[in-house]
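I've put the structures underneath this note.
Paired with subunit B in one complex and with subunit C in the other, subunit A is shared by the two complexes that follow.
Now for the complex of A and B:
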């Protein structure tokens, strides 16, 4: 029972901070909301008994991506002369209609559907099982993703480099 | 244990919030942050399905690892492009980034 209450607290926290990301009027506040929302999703992975993913989520999103986003926000700061310009475009009301419609469809289909082969009370997922699947069944994919990451990092450095020759 | 429907509904709401951010925001970095929200919603969906319906082979959890990796690569590249563009045009507003040719 206590787990359920805690789950709902986390769910409300995630949805609230995610809303903060998209409606906040300050880019820095939006970035901090994003950090809290992603940490809340790490909590969701703990509820799903996949602690390994929770740690990965906290390390990569809470650490690397949050710092990267904050740094980029500070590097692309525009001088607005102190006045607060709206961060949302004039299309925002239509975007809200589309998003609410999408949310209604997704939630309704998730609740209405009777899901097949449902395990009511799943056991904790052992870390060894994840590594077996990751390195044996998905070994080739793992190597491909590693190469992708390497290429992306090199590409990012080349793109962001200051070129004096131009 | 919380039923799987709750996770699916939460991930659907998160995805819709991300869609709203992508459609409504004007700053490229804020659009990117909304995309991160959408990617996280998808990963949560995968993990929920893996834990509840595929406990032997938990493929969804492994897919979530790949989603997180690709999202990290994507965010690095996209921020590099945004910084590059900001240096050229002194703006990160995607409405102004409409020129097809320099």
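Now for the complex of A and C:
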């Protein structure tokens, strides 16, 4: 019972803050709403008893991505807090159509797919099994992805430092 | 995961009671950490520190707290209202959540999480958000600068922090903090992973922005950084967060590296001794932090970032690789410890020799008086 109440609280929190991201008139507010929504999704993972994924979500999306968004806002905007500007342009109706279409596709694919296991009966995957799959079964893929990320980081640094060379 | 017997048999009530105990102790500890730091810094600077309020100034923090609560809660006109007002709470919540998983004595903490170590650093990552909110919402350029500095510094130093902890987790083979302590019954992990401890301590100083890494809150450069506009109760929230984080980090460091409640004789001598061990070790770490503050001057931001990205991260990755070889081939723990000690000594030696080298800038000191000497 208590779990259902908590689940609905989290669901309302996530949807509410996600709406806040879109509706909010200040970019900073939108970024903070985004952070809360991403942290709320980490809570959803806890309900699915995948604690490891929940913590990864918190670490990557809550701790790193949202903070990078805030940092980028700090570096690029005027140093004032609460300026409110209309973020809606003439493309608003097309954006709405695209958003509704995407939502329809996602919901449809989630409903149509036959999922391997029921959510009602999850079994906790031990951490050792995750690392076995990640580093042994898919070891080569893991290394390739790491190299890709490394190349991206080095490339970003080179691009950012370009102005010094000129 | 619960500990043995929940109070009154109800899980959430049990959690609440344990949490209230931990938070109550935390508040008291924070009060006396502030007092202790002022007293200690006073001694380091050959003065007495607070000595008027109560015997030896023992009630100074309470007097300060009453004064702060009584102060007017100011908000600048161009501040972003909600961001400004929620920032102190957003900064405090992660520290509060960390306390949930720290084991203070055998099977005594709020909750015994299976992924405790990972939980701590996942939640710690959110610590920056409150500071960024304060920096963005204050409508003040100093606050913004402080926020940018804090974000850059904390994101960077989180990497060596996490990797040094992972090195210990590799040796321990578990992420459960309670089990990590139990494994250190005969020797604390600092003996076999001293290099990881050095990296952890450095990154901890930086995450807490204590001197010599207090760049985001530097009074003489940006007059206090992100909390420049705060006053009264909200400022005291930031102060509470800072010292609570210091305490939580020290307990965490004591648990992971110094053997927590288990070393020495933790299992034989009962829970009183265990509690004493945890508190004593955490206060020892806090003493080290304050000693650093009194001794080392503040770094520049470029030195700070260079030290993280060009030194600490490489060394911590090297540590992971060395540990991996030892664990994969099952080589002896003694040799692993010796290799790590050698690494730690070489690392500290290199940093020290770099620190005491003659600065090139020194040749320019005073050269404005005789311009001919300015060109070396």
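As a convention for this text, the second predicted complex is superposed on the first by the 132 of 166 C-alpha atoms of A that agree within 3 Å, B and C clash if a C-alpha of one lies under 4 Å from a C-alpha of the other, contacts with A are read in each partner's own complex, and residues count from 1 in each chain.
Simple rule for what comes next: contacts are C-beta pairs under 8 Å (C-beta built on N, C-alpha and C of every residue); 3 or more make two chains touch, one makes a residue touch a chain.
Remember, predicted model here, so these are calculated numbers, not experimental data.
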Name the contact category of A:127: first (subunit B only), second (subunit C only), both, or neither. second
Contact breadth on subunit A, by residue count: subunit C or subunit B: B
First, second, both or neither for A:75, with subunit B first and subunit C second: both
Between subunit B and subunit C, whom does A:155 touch in the aligned arrangement: first, second, both, or neither? first
One more residue to check, A:103. First (subunit B), second (subunit C), both or neither? first
Examine A:67 and indicate which partner it touches, taking first as subunit B and second as subunit C; both and neither are also allowed. second
According to the stated criteria, A:56 is in contact with first (subunit B), second (subunit C), both, or neither; which is it? both
On the A-aligned overlay, A:136 touches which partner chain: subunit B = first, subunit C = second, or both, or neither? neither
Per the definitions at the top, what is the overlap between the subunit A residues touching subunit B and those touching subunit C? 52, 56, 64, 68, 73, 75
For the complex, which residues does subunit B have touching subunit A? 1-2, 4-21, 23-27, 29-30, 32-34, 36-37, 40, 43-44, 47-48, 51-53, 55, 57-59, 61-62, 64-66, 68-77, 79-84, 86, 90-92, 95
Using the touch rule from the top, collect the residues of subunit A that touch subunit B in their complex. 3-4, 7, 11, 14-15, 18-19, 21-22, 27, 30-31, 34, 37-38, 41, 44-45, 47-50, 52-53, 56-57, 60-61, 64-65, 68-69, 72-73, 75-76, 78, 87-89, 91-92, 94-96, 98-100, 102-103, 106-107, 110-111, 115-123, 125, 129-130, 133-134, 137-138, 141, 145, 148-149, 152-153, 155-157, 159-160
Which residues of subunit A touch subunit C in their complex? 2, 26, 28-29, 32, 35, 39, 51-52, 55-56, 58-59, 62-64, 66-68, 70-71, 73-75, 79-82, 127
Quick one: which bits of subunit C touch subunit A in the complex? Just the residue numbers, please. 12, 78-84, 113-115, 118-119, 121-126, 128-129, 132-133, 135-141, 144, 147-148, 151-152, 155, 158, 175
